[in-house]
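What follows is a pair of complexes built around chain A, which joins chain B in one and chain C in the other.
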Partner chain A sequence: MTDTNKSNQKEEMKSLKILIIDDNEQITKMLTTFLELKDHKCTVANDGKEGLDVIKENRHDVILLDLAMPEFDGYSVIKDLEENNTLKDHKIIVFTASTITQEELDDLVKRGVMSYILKPVDIDLLHSKLIDTASL
Partner chain B sequence: MLPIKQTLFIVSGVSSFIIFYMGIVNFLTSVDESTGMILLIFSVFVATGTLLGTVHISTSITKPIQKLAKNMSEFSKTNKISNKNTIKTNVKEIFDLNKNFEVMGEKVEKTIKVQKEYVQKLKDMDRKKVEFSSMVSHELKTPLVPILGYVQMLQKEELLGKLNEGQKDAVDEIYASTIKLEKLIGDILTTQKLDLGKLVFDEENIDVSELLHGLIKEFELIGIEKKIEITANFNEDIQIFSDRDRINQVFSNLIKNAIDYVSPNTGCVTIGMKNDSNHVEFFVEDNGLGISDENKKELFKKFYQVDTSSKRKKGGSGLGLAICKGIVEGLGGKIWVESEENVKTTFFFKIPKKPLKIKTSDRLDKKIQNK
Partner chain C sequence: MALTETVEEGMFQAENPIHELNRMLVKYDLTPNQAKVYLFLSKIGIKTASEISKALKIPRTETYHLLSTLQQKGIIFSVFGKPTKFNSTGLEESLGILLNNERNRISELEAGKDSLIKLWNIIPKYGEDDTESQDNKFQSLQGRNSILGKLEQMIKESKETILVLGTDADFKKFYFTEFTELLNKTKSELRILTDHQSDMPNIFESIDPNKVKKIDDKNREDFCFIIKDDSEVIFFISNNKVKEMLAVWTDSKAFVTTLKSLFSLMWKKSHHINETDAESLLGSEITYEHRLREIEQEKMILSYLKENFKLLGNGKDRR
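For the complex of A and B:
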């Protein structure tokens, strides 16, 4: 790819600040590799507690949140933000491989989560969902 | 039916009357007045005695029997022997009857308790199975995330660099297998849920013609690519109230199967529906190889494949039709196949236009009972 192509793409797409909260390092590594190649900036937190600290420190355009994590899981992150009445201030996309029912997913959205993506995911779909959610 | 009490009363009443009557006759006909008087008084005593005796006997028999009858009817309702109405009796037969009833009752009580424990155990086992398969599916899906991600990144050459032809083919094969693996994991989980009656069905208004046209559109490209004609054949537009995604899933599985079994260029796949008063009958027809009678019976079983060698090449898991059957039955309908070898095969599935009110838990209970 030539340099002119790259700069054209940069103009088309806004660079996003993305927070990834997931305990699986292979997943976070793949996501950061992909998203940085797409010119976004990624911050990684490997568990819910750490993720919550990052959320409280810095604003992110969009947050990918895994649900099943040891000790402090994604549900706890959502609950904590809910209790502080700040859940709706953040654009959270739940990103999970758990066997979760549509009802449970709908409930999360009702509570203030922006959207959800089920693992494994087509990376193009993931990318467009991140951009769409960030621009909402 | 004649109760014991009344019968005894009638018998004793009649006999007392006869005794009393004979006393009077004796009194009137006897020569000696005092002898007649004695006989009369005696007959009055005997008659009264008979009556009182009857009352006593009949109560001592009927009271405990009535109590026992009450206990039995209570037992049939509660399956528990109540200690409230203990029966006291000096009549040996009734005592034995009651004793036997109590022994039988205790046994029934015990059996029911054991049965309940088994049902609970089966339910626990089912719950554990669901938990286990959910966990396995989570653990299998997680590593698929980076696999799929990196493969897709490699396929997009602008991200990680250009590939030569051999590398491109290799990456495409990895991608195809990854997608198959993902689908297989989903199928296994769906099968398990269907088995345990844990699959939840939605209820929504479905425009049938929209659904069928949507399917035709979905398979249009594959049809063109494989030179197979895929058409819809129906002339009515109806609304049903059911689970759109699940019906789509059944159709997709059947259409994919049909596409696999027809030959390119001459292959035809037709989908459609027939309207019935309470049901709608969908069908997927193809002009492929057909299915032998022997295979028809086994077709809907899990992991059954008509021709193992050829089907494996096409990548079926052997779960597709089992899932179709499970879904259609879950929706309150039935699925079947009709086929003429080397002419055509038609899969039918008939579902109610409005869902039957079966709760998932009821289905599970039924399943346990069937076991």
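For the complex of A and C:
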């Protein structure tokens, strides 16, 4: 079975509730359109604080979290969840264009982040990663 | 006589610095004519009411009235004799007395505040409660003191954020007031966007530099406003025809939200004043790299969407 077939199979399996926390409105809009075409439900937060509020209010199958955001960034979101001992309750994928070392990425995973994706990424790969992470 | 008239003729000529003194004394709660009489006596010395009236060309009845008020204020005194003569206390002593009078007046007002509120509350409200009119109030404020009073009230009552946008020149009239002290004391989140030159004194120099950002010249707009929480804003109006400061206070949600968004946008684009040029440059290089990757990501999603919509479009055409 090819990777594409596998991916298609997964897509048919489940419609996900996805939270996107990213300050880049172009990306959030287009990503939402893409994911909705794939029958997922998306919620968007354009900064960390708003994202944190949404996380606390609603449960999501997977959360795409940008790291570099003005004011309240992705690190602050992770730190806040960590302080409340709820980081591991959420399936967070760090989705970043920042220059970040492998060590730093590993550290985030060690702390409780499920996975990471570095921008730019192939859109199908991103989709597979979302489905894989949600099904873990 | 000749001396008095000659001196008097020169005293209140437009170019004489005594005019400036006269204007300044008005700020100490004297009327222009009270200040004129006081300054006349200070410089000329003991004179009768009639002599003052003639010299200053003020009607005699009004002169008596002015002298009586100045005596009550404690800055001139009468000398026994017939006719009664008048003299003034020294300027420094007089200013002290006038300041004290003002302090006492404020203390009395403060003391009366509670009784006034109690009395007010006793009187039943006759009009109907119009909750809608609670919103969208606009108040025009003229003059430093009325603006400062409102600003102080806003800063003291703030519970979440105080956002300040404006240049040092915009706020220069608040030097030597409690304005910056109150900003320093506020427990709300404080953010100030201002012009900043490290070699020049700045009204915000006593504020924690982490709370102050420098407006980039390219982002510079002629705005000056202060926002309290999500609820109130004072914005300044520059009007060359009016010498006094002019501002408008409002609790209009639409106004507050719009100005808050503008502030937030400018805040994002600006750098902290304690950031060195190198840090700032480095920061922008990182942002540049970062932005390139984001653009690449945008392109990738966009091309996927275009391809998909094209397919969808073709499908429709076929139908």
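The rule is simple: the second predicted complex is superposed on the first by the 125 of 136 C-alpha atoms of A that agree within 3 Å, B and C clash if a C-alpha of one lies under 4 Å from a C-alpha of the other, contacts with A are read in each partner's own complex, and residues count from 1 in each chain.
Basically, contacts are C-beta pairs under 8 Å (C-beta built on N, C-alpha and C of every residue); 3 or more make two chains touch, one makes a residue touch a chain.
Worth saying up front: this structure is predicted, and the values here are computed from it rather than measured.
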If we overlay the two complexes on their shared chain A, which of chain B and chain C does A:Glu103 touch? Say first, second, both or neither.
first
Touching partner for A:Lys119 - first (chain B), second (chain C), both, neither:
both
Does chain B (first) or chain C (second) touch A:Pro70, or do both, or does neither?
second
A:Ile27 in the overlay: touching chain B, chain C, both, or neither? Say first, second, both or neither.
both
Under the stated touch criterion, which partner chain does A:Lys41 make contact with: chain B (first), chain C (second), both, or neither?
neither
Do any residues of chain A touch both chain B and chain C, and if so, which are they?
24, 26-27, 30-31, 33-34, 37, 68, 97-99, 119-123
In their shared complex, chain A is touched by residues of chain C numbered 268, 286, 289-291, 293-294, 296-302, 304-305, 308
Given the complex, residues on chain A that touch chain C span 24, 26-27, 30-31, 33-34, 37, 68, 70-71, 97-99, 118-123
In the complex with chain A, residue positions of chain B that touch it
133-134, 137-138, 141-150, 152-153, 158-160, 178, 182, 189, 200, 202
Which chain A residues qualify as touching chain B in the complex?
1, 5, 24, 26-27, 29-31, 33-34, 37, 68, 97-99, 101-103, 119-124
